[in-house]
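My questions all concern the structure below.
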Amino acid sequence: MDPERVSRKFGMAPGSLVYIGDKSAAPVEIRVMDYTAEAFTETGVENLAACREYRDRDSVTWIDISGIHDPEMIAQLGRTFELHPLVLEDVLNTQTRPKLDDYEDYLFAVLKMIDYDADSRELDHEQVSLVIAPGLVISLQEKTGDVFDPVRLRIRNSKGRIRKSGADYLAYALIDMVVDHYFAILEQVGEQIETLQDAVIAEPDEQIVGDIHRCKHQIIFLRKSVWPVREIIAGLLRGESALISPDVRPYLRDVYDHTIQVVDTVETYRDILSGVLDIYLTNVSNRMNEVMKVLTVIATIFIPLTFLAGVYGMNFEYMPELSRPWAYPALWAIFLAIFVGLLAWFRRKKWL
Amino acid sequence: MDPERVSRKFGMAPGSLVYIGDKSAAPVEIRVMDYTAEAFTETGVENLAACREYRDRDSVTWIDISGIHDPEMIAQLGRTFELHPLVLEDVLNTQTRPKLDDYEDYLFAVLKMIDYDADSRELDHEQVSLVIAPGLVISLQEKTGDVFDPVRLRIRNSKGRIRKSGADYLAYALIDMVVDHYFAILEQVGEQIETLQDAVIAEPDEQIVGDIHRCKHQIIFLRKSVWPVREIIAGLLRGESALISPDVRPYLRDVYDHTIQVVDTVETYRDILSGVLDIYLTNVSNRMNEVMKVLTVIATIFIPLTFLAGVYGMNFEYMPELSRPWAYPALWAIFLAIFVGLLAWFRRKKWL
Amino acid sequence: MDPERVSRKFGMAPGSLVYIGDKSAAPVEIRVMDYTAEAFTETGVENLAACREYRDRDSVTWIDISGIHDPEMIAQLGRTFELHPLVLEDVLNTQTRPKLDDYEDYLFAVLKMIDYDADSRELDHEQVSLVIAPGLVISLQEKTGDVFDPVRLRIRNSKGRIRKSGADYLAYALIDMVVDHYFAILEQVGEQIETLQDAVIAEPDEQIVGDIHRCKHQIIFLRKSVWPVREIIAGLLRGESALISPDVRPYLRDVYDHTIQVVDTVETYRDILSGVLDIYLTNVSNRMNEVMKVLTVIATIFIPLTFLAGVYGMNFEYMPELSRPWAYPALWAIFLAIFVGLLAWFRRKKWL
Amino acid sequence: MDPERVSRKFGMAPGSLVYIGDKSAAPVEIRVMDYTAEAFTETGVENLAACREYRDRDSVTWIDISGIHDPEMIAQLGRTFELHPLVLEDVLNTQTRPKLDDYEDYLFAVLKMIDYDADSRELDHEQVSLVIAPGLVISLQEKTGDVFDPVRLRIRNSKGRIRKSGADYLAYALIDMVVDHYFAILEQVGEQIETLQDAVIAEPDEQIVGDIHRCKHQIIFLRKSVWPVREIIAGLLRGESALISPDVRPYLRDVYDHTIQVVDTVETYRDILSGVLDIYLTNVSNRMNEVMKVLTVIATIFIPLTFLAGVYGMNFEYMPELSRPWAYPALWAIFLAIFVGLLAWFRRKKWL
Amino acid sequence: MDPERVSRKFGMAPGSLVYIGDKSAAPVEIRVMDYTAEAFTETGVENLAACREYRDRDSVTWIDISGIHDPEMIAQLGRTFELHPLVLEDVLNTQTRPKLDDYEDYLFAVLKMIDYDADSRELDHEQVSLVIAPGLVISLQEKTGDVFDPVRLRIRNSKGRIRKSGADYLAYALIDMVVDHYFAILEQVGEQIETLQDAVIAEPDEQIVGDIHRCKHQIIFLRKSVWPVREIIAGLLRGESALISPDVRPYLRDVYDHTIQVVDTVETYRDILSGVLDIYLTNVSNRMNEVMKVLTVIATIFIPLTFLAGVYGMNFEYMPELSRPWAYPALWAIFLAIFVGLLAWFRRKKWL
């Protein structure tokens, strides 16, 4: 959540319609799909008031809205379908936490679609709001382009059981798409983690700590988006709403399992990442150790030798060794003995 | 909580009216707003006894008290509206934990408004007590100046549904203001964390650990203030009290979602902060490593060279090299070879 | 808990009366307060058998026993008031965990009073056992001197509602005193933590780690004593016992809130303490860093200089520089250049 | 879970039959065991349609399928036994989380068999799906070769009570085999941990951190596979399905206890592993300490000596000591005194 | 748990009687105590079939079996008292997790007695199985020698209420002994922790990390043994079994409190131990710091001095200082000034 955006709304009356997402110049796109097992129509709509006719039909209607930056349009949506002002406020508040509200005549769900931007290696989310009423699903999202195309195709081609089922199955199909897309995001994050794992062993540099933490942020972000979805589906499964027919429940149970799997994987990634950080820190320690050993070996060997050389560089008049012809070679022998002896000692200590 | 203040009350009979907040010289301000959908009056009141008349009216009355450092006034409030002695004690005890008590005839809620002091970069809280009775809301706060002005405006201008609703909606509107203000505080804390994140990468100094921990304290403080608010609203939502009408429940659910969002964000901030500390500590380790490397490179190169120079500074009579004319340039060649060789070795080890 | 003391009782039949606390030479003090709203008597009692008469009176009786090191007296207490043998065993076992047992005719509660010894800066606990029967409260504690004096005063002076209420209110008043005293202890611990926080920044020495851990032990100790008290009061609040009248419930709810506040504060202290340890450890790292930098700066500057000096101390016959008159001052210029150059380099690296 | 494999299925209609495991060239093996207490037949089957006859018999039938890479065969299985499309999808989706779904007419369970590859020291899992219907158990697994041979033997030899019991007992026996096999895996992991514990004390090298983390991954993997099995059996035990007879419940309780034991042991291993990492890191610190001590001892002793030697190598004309005959031996005495004195000081500091 | 032992049983039919504990050469000892309030007989029994007569008596019978390494004897026990095969299997499987199973006619409980081996400072456990039927308790343990002697004495001497109570009280008494013995173990572990706490401050050596972790293993071991006992007693307390009379419930509540106390203490020990490790690691850091300081102080003082001495050891022909008679003493003065100045600087930095 971005508290800055939310706090822009401070002091407004509840139900005030303020869009706090990024302003978009693109026009709002409204598409209506109306279908039964036999019939199917797809129309682009300019004015939501024209959608009122779909309210009492027997067919299933999907009103598919891309672009919510026009509060007036949202207000009209509320008037047309008699939605609670808080529903409209939540649709516009793109920082709403994923949730399911039961307004008896209809259910209102808020979900997050997640996108992975390959360039910046950042995750981004887009809010999807769903109004689920008898024979009607309204979906609202911030931008054109989404993960719902496979559902649109299945409706058009009458593939699977979607055309034979009701609005509850359509709602399920949309939620399923959102959740299934999380696996693609997990795949991206998983690849990043693998890259990090390899990098931390091959050639760890200081940047890797930043990368690990960026990856950790993504995992926290994912968890926060997915976890409440589990509660949403659990709420639908608990079957207190008459809007969800028993036939759809095995399917909901299936999405429920998927959300749990996503959360499980997210937890595993978290554990692995903290392991990667541990390996990095241990490597830093070990490298420091190695540096210290090199210093110690060199210094320990040459400091005593230098001392000896210094001794025979002294200018005392009475230094009997200085005049012996064998003294100089003898000293070299001593130098060599100390050198070899210390090397052997270091080798025994496993420092070399 | 500040145990020192609480322990001042030790040994007093329960229901003793002792104000433990900061003494204030400012006079107590009592404002009464009385409204129905059509009518509206706003009066300043000197004596709470005069408020008794509002008790049995059909209109909604908001008795809005700023300044609670006068125990006598609180005692009179208790007598006028027949409040339980423990309610009065909790109003005065500014260290009360946020809570909701159901006294059947009325509900009593304690909340914390949080303020961010931009100068000292400290959070501060101010206690808000609410008594919610049929057609009556009494709000009490420590100081003048609060987050309720938008509600006052909405009542005066009859904006939104507030004038058409009962005391329960008014209570909701006040709680909503308190919770919404948390987002502004979160924004401030979030900005601090971002500053810390940038600082820890750009130019980490020792002070940053203190800053991280001050920020962590603020997050703990926020969490402790917000978490019980969630329970308060959950208590109201559970709908056991007849004072809360079903119409207000979607609104309460909305504030409930907001508190969860605040707590979620607080948790995320905590995770991010601990990541910032990790990055700092890794930087400390890495800088130490760099220091050690410089020392090791310099020492490892020059210690053997100094030894060699020391050898040819010795005063042995029989040192044949000394009298060879090519010996001195040859030694310089050896010096250079050692120097270049070690540099190459260090570069291969990636220490340079 | 001190397992050593508990294990002294190993193998004894349940209900065996063995005192495992510190033997005290002080005589057992038994005081009986018997009161109604109008009447009040206070008597010292030598023999518990004399207390039997209070059992069936309409007045409220508080039998207040200081000193439990006389198993025979406890046995007599059991006979006089028909208490379960396990109650008597728990009274004597000063290592009993705080708890509430419902024996239908009476309730039995064990609490811990906590004392802070300012000299040794250690926390100590003293067990308080309460038997709550209709019209009768028996309190037992290890030593004379307690936190109940304010209650005694209120009874004597008929202050507050204590004289107008039953034995359940008296029991509440005693529990309230015990819990309220925890705030005083928290204050002491809080002051210690503040001292530690200041010390860790001002002049951290090695002793501070020990101090932090002693403080942490105290917090663990407090938590262990307070946490079960919460369960005790929750048990009383659940209202399954007919011994607790509904009038007393708001008061119990109040103590309940206090215990939660104590536990909350204890948790906060824990978080702060672990922050203090983090700051200390970071300081240790930073100081090490500083030490290393000083060494590195000095060594890196002088080692090459010393090498150069060594070179011109060599005794080669053919060293043309040695006979040039400008050579010595030139070398000093080189020394100075190296010195200044390295200093500048270190300053750019921000090591100075 | 491997999100990459799961995301291959993105956008497909629920119930789409896609096998995402490793393609295998081995043919699918279908074996049917049909038995009562008296009779027993075992046949290999080519075409699942032939199995339809077993559906309504009184005997217990186990259809044992190895190899699920042929979606057409799975589709036929669904048609023959009227299974829900989601069941078939989950059978093929080898990344399904272990779970139990109750489809009223039959139960569907997914489990994971775990294999330990001794060469690569990696764990691998293979999915086992069970359909439990009255008088019928269908088991599906990815590859030939499994842990069910003891059950097959017991059926053939009519050992134990399996031939006298129903399909629920057979299902129990299969689940029991899967869970019992986890103990063998635990044994392998336990041995690895012991090896690590020994290695970390005997001769810790840098590789060990990687080994510890590989081991930790295995433990996380195990936990993720076993934990949901506990829920599966708890679901069976809750006894809501008429397919599980009361006679089988003690047996299910037994497997339940085993899963808890596995999870307990996994938790213990986790604790022990993090202890091993702690020991390793402490060893690294201690070795660094030792290296530093050697350097410090040598440098601290010889640096002052070298300075003294340097002093008497100076070429001042007026250095009276140089001409004294006792000066040179005296200096050696001073050298020795400093050497011995510093050694003694280090010994007293326990650095040697 | 030791997975190796459990996995020996892989593939066996449930109910297979295999003893997986250590084989013992000692003969199985069977002792029968049969008592009412008035009468008491104690007999050694060779053949369990002889015990059948005790089944339907009115007296309470305790069949006390030491040594379970004879599967045939266990099978006979099952036949004599009509026990479920899984009960017999669990009796022999000495790695069974502590648990309580309700077989309606009887209860079956598995507990762990814990022993502290003072020599190896290791904890060891021995499994105790209890079958609790009306008027009958069968206890089975692996070896002779246990913690039940006090119960035997109380029965023989008719001490306490044991002879006046039923089989449920006897079962309670046995469980109570097992739990009470945990306090003795806690005492041993507590002493070890105190020794470690002292050692870590007085003279920390490298071995201490191993000791801390061995102690931590013991605590994990204890926790794993005690925690499920809590569930066992909670199961008995929930009072669903008619075998437990209401009179025994206060006693069970008492043991329940004891197990919670044991677990509480174990948690506290864990916290203290991790504190001990923290202190140790801080000490390691501080000692490293001290080593570094010594090195830095010595090197920083003498390296510049050595440089100066080297300068005046150079052989330039034109070095005017060399021929000045005051130069040598002046240089010594400079040496001394540098020495004292640096010492003072280090003292101001608090490095000395």
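Note that the chains take the letters A, B, C, D and E in the order they are written out, and that residue 1 is the start of every chain.
Here is the rule we go by: a contact is a pair of C-beta atoms (placed from the backbone, for glycine too) under 8 Å apart; a residue touches a chain by one contact, two chains touch by 3 or more.
For clarity, every value in this text was computed on a predicted model and none was experimentally measured.
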Report summary line: Neighbour overlap between chain A and chain B returns none
Query raised in the report: Which other chains touch chain B while also touching chain D?
Result: A
**Report entry** Whole-Å gap separating chain A and chain E, where each centre is the average of the chain's CA atoms
**Finding:** 42
**Report entry** Averaged-CA centre spacing for the pair chain C and chain B, given as whole angstrom
**Finding:** 26
**Report entry** Sequence positions of chain A contacting 2 or more other chains
**Finding:** 285, 288, 292, 295, 299, 303, 306, 310, 313-315, 319
Query - Running round the ring (origin chain B, first step to chain C), the chains in order - result: B, C, E, D, A
Query raised in the report: Mind pulling up the chain A residues that touch chain B in the complex?
Result: 1, 3-4, 6-7, 9-16, 84, 86, 89-90, 95-97, 99, 101, 103, 203, 206, 209-210, 213, 216-217, 220, 224, 277, 280-281, 284-285, 287-288, 291-292, 294-295, 298-299, 302-303, 305-306, 309-310, 312-315, 319, 321-325, 327-328, 331
Query raised in the report: Along chain E, where are the residues that touch chain C in the complex?
Result: 147, 149-150, 154, 159-162, 173, 176-177, 180-181, 183-184, 186-187, 190, 201, 250-251, 253-254, 257, 260-261, 264-265, 268, 271-272, 275, 278-279, 282-283, 285-286, 288-289, 292-293, 295-296, 299-300, 303-304, 306-307, 310-311, 313-319, 350-351
